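Got a structure here, written out as structure tokens. Questions coming.
Read from first to last, the chains carry the letters A, B and C; within each, the first residue is number 1.
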């Protein structure tokens, strides 16, 4: 899976980046940009979840905790300490990392998938309830508002860049940069020696074998990185949406959505979570009129994908091209 | 806090705990026999509750009939879910995760199907029995006493089934060694179906007893599922007796914890207890360390 | 070679995922025989027994038992045909009592009605079962567990008994007891197929054997023929 990238793969990546960068030239429709921004937030979230679940083999169901921690930490610090969101995003991500390491340690000790699933779910519930209960600080379900936006700045040739609700463009490019950086970090980790060893371990563990290789420290590191990235996504979300509620920022629906994205796109692949994020966020918006059916469709989608296409949609592409190639050659 | 109030809270804790025990033992049975973590277990509770509500309230069926019918309907639902999803995944590569993922999908699907069909309002069932008992200075509604009595009967019946019947032996044998069970002629797939059904039925019994106290809505299953998870972690995942003890224990700890803090911290106490147990005794509070 | 084979394995291929464990394995077992399946670790000798019982993924080939192809019969129906198995490392229901384990041997509907008489017969053969009836199986010694496992397999009135590494992990004194037990089982008219790594040990018991190497049958014959064969020396000593 992780041979050096072939030139056509580089081309594909470059094309994807260029296309994403050029979208605003085609449309400035702020609704459409909003959809893309959400897609990219979820793209980071799903990719980071896939890093621990798909690659490191730790099946966690509680990553929405880190999204919420990132969002609330950045919002609260910027509101109460008056620090710039440009700074608090990183502080918040570090806070999420600390919590990630805190919960990562016990789950790495237990080599049992169901235990890991239960503990991470429970941990995220604790985070949600605590945020919800600490009303004097977070305002609970009433919602935390008045979250400052990113400060504007001047760019040579382009001029003044302002982050306002009216103009989605700066947000679009900021999250695009964050997404590219996140995916690059994930790719680097997975293509490193540690990453390869981890994939080998994961596959062996599923066959209930022990190779006698101890990767606990590296796995913890990966868990921390994943929490960090999800924290960044959450923090960006806070300053972009500018209002937070525990249900929206730490609700289990969020985790379900992300799991659905990774599964639909393809677990254990780099592009899968991104493709899944694009499809499902797009689907959400397309189904806006059918909002009541949204989660029903997600649930059905997860069931169908697991039953009939366990490796996700991205694995369809090579299959189809192969079939197509064999047809045209014969 | 007077001693009487304290004692009353502990008794309430045991009563709620007996329901946690039913939920947890369903999760434990499924995990014990087929190593599947059922994230849709809360939906057995939720749908069981709706079945009771429609039978007893909408159609006015007397509760002594409505409850068994609803429990049986949930049994069938459990069997169907197993047969249509888990059954196909168990034989395939990566089943450990795919079964968890598919039950997650089922959970969302069933919740939202319930939302579309039944609406989001809370539905409650009237008390099955009115009145209070007074034991010394402790006052206890008969409804709560009934909950406990039903739990004891259910647990006794389950214990009898597991220990004394051919089906129970087959369930225990399959959970201890699937291949050896097949060799002596026990069809694992049929046992899995029945186990899923029984787990569903246990969830529906809990729903029937709690519906008069906690109303039912499409999201009622999630908090119940999470409580069930705490219970099975306390009792050792997959252990039926462990789940019973774990449920009672959790009920009491919550009751005392709520007295010391306040009711909004109830769930945090439960989950924190669970994480502590995972840290110190991952095989459960009452089980023996596996060798 | 027996005239009429009770069991015929024909060109059996077994694959775990992409990994092929058995290659075109064929063997025949006659009524009343004790046949040993021999081979070093990883030669696939365990897989042969598992494949007969439907516990290994058979890719191609057939296992004919009295005219019926076993590859199409699910494991839990084997006892109904008169086939039983003692799994590797005993595999008792470890949290259940000795009595419960033994009784489960007669779970299948074909023998369930005769449970009582079967129990008497088995306990008569192995008196220790009655003495230890309430002991939890997992707490017994290896040899005792093996006895319970054999007793459990006999409850279903088998005509063919498969024994996967019956001597594994047992002390030499116990091995002799188990060997005596297998002889008695055979004297009751039950055909036995077992596998074992140690050739000398096997031919104290069996009439004939098949030697596997790398998932292929490389030698078959009677005990004498095989013990003096160069193939044995090559397979075991690498000479």
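The working rule: a residue touches a chain if its C-beta (ideal position, glycine included) is under 8 Å from a C-beta of that chain, and two chains touch if they have at least 3 such contacts.
Just so we're clear, the structure is a prediction, and the values are computed from it rather than from any experiment.
Central chain by Cα centroid: B, whose mean Cα position is closest to the mean of all protein Cα atoms.
Across the structure, the highest number of inter-chain C-beta contacts is found for A-B.
Seen from the Cα centre of chain B, the chain whose own Cα centre is farthest off is C. Between the CA-based centres of chain A and chain C the separation comes to 53 Å, rounded to the whole angstrom.
Our note on geometry: chain B versus chain C, Cα centroid distance of 42 Å, whole angstroms.
Between the Cα centres of chain A and chain B there is a gap of 33 Å. Shared interface positions of chain B, defined as residues touching 2 or more other chains, are 93. Taken in their complex, chain A has these residues touching chain B: 59, 61, 103, 106-107, 109-110, 112-115, 117-119, 121-123, 125-126, 129-130, 133, 206, 252, 256, 259-260, 263, 292-293, 295-296, 298-303, 306-307, 310.
Those residues of chain B lying in contact with chain A across their complex are 31, 35, 37, 39, 85, 88-89, 92-94, 96-98, 100-102, 104-113, 115-116, 222, 226, 229-230, 232-233, 237, 264-265, 267-268, 271-272, 274-275, 278-279, 282.
Listed in rising order, the residues of chain C touching chain B in the complex are 17, 53-55, 74-80, 84-85, 87, 91-96, 100, 103-105, 107-110, 152-153, 155-156. Those residues of chain B that touch chain C in the shared complex are 93, 166, 169-170, 172-173, 176-177, 179-188.
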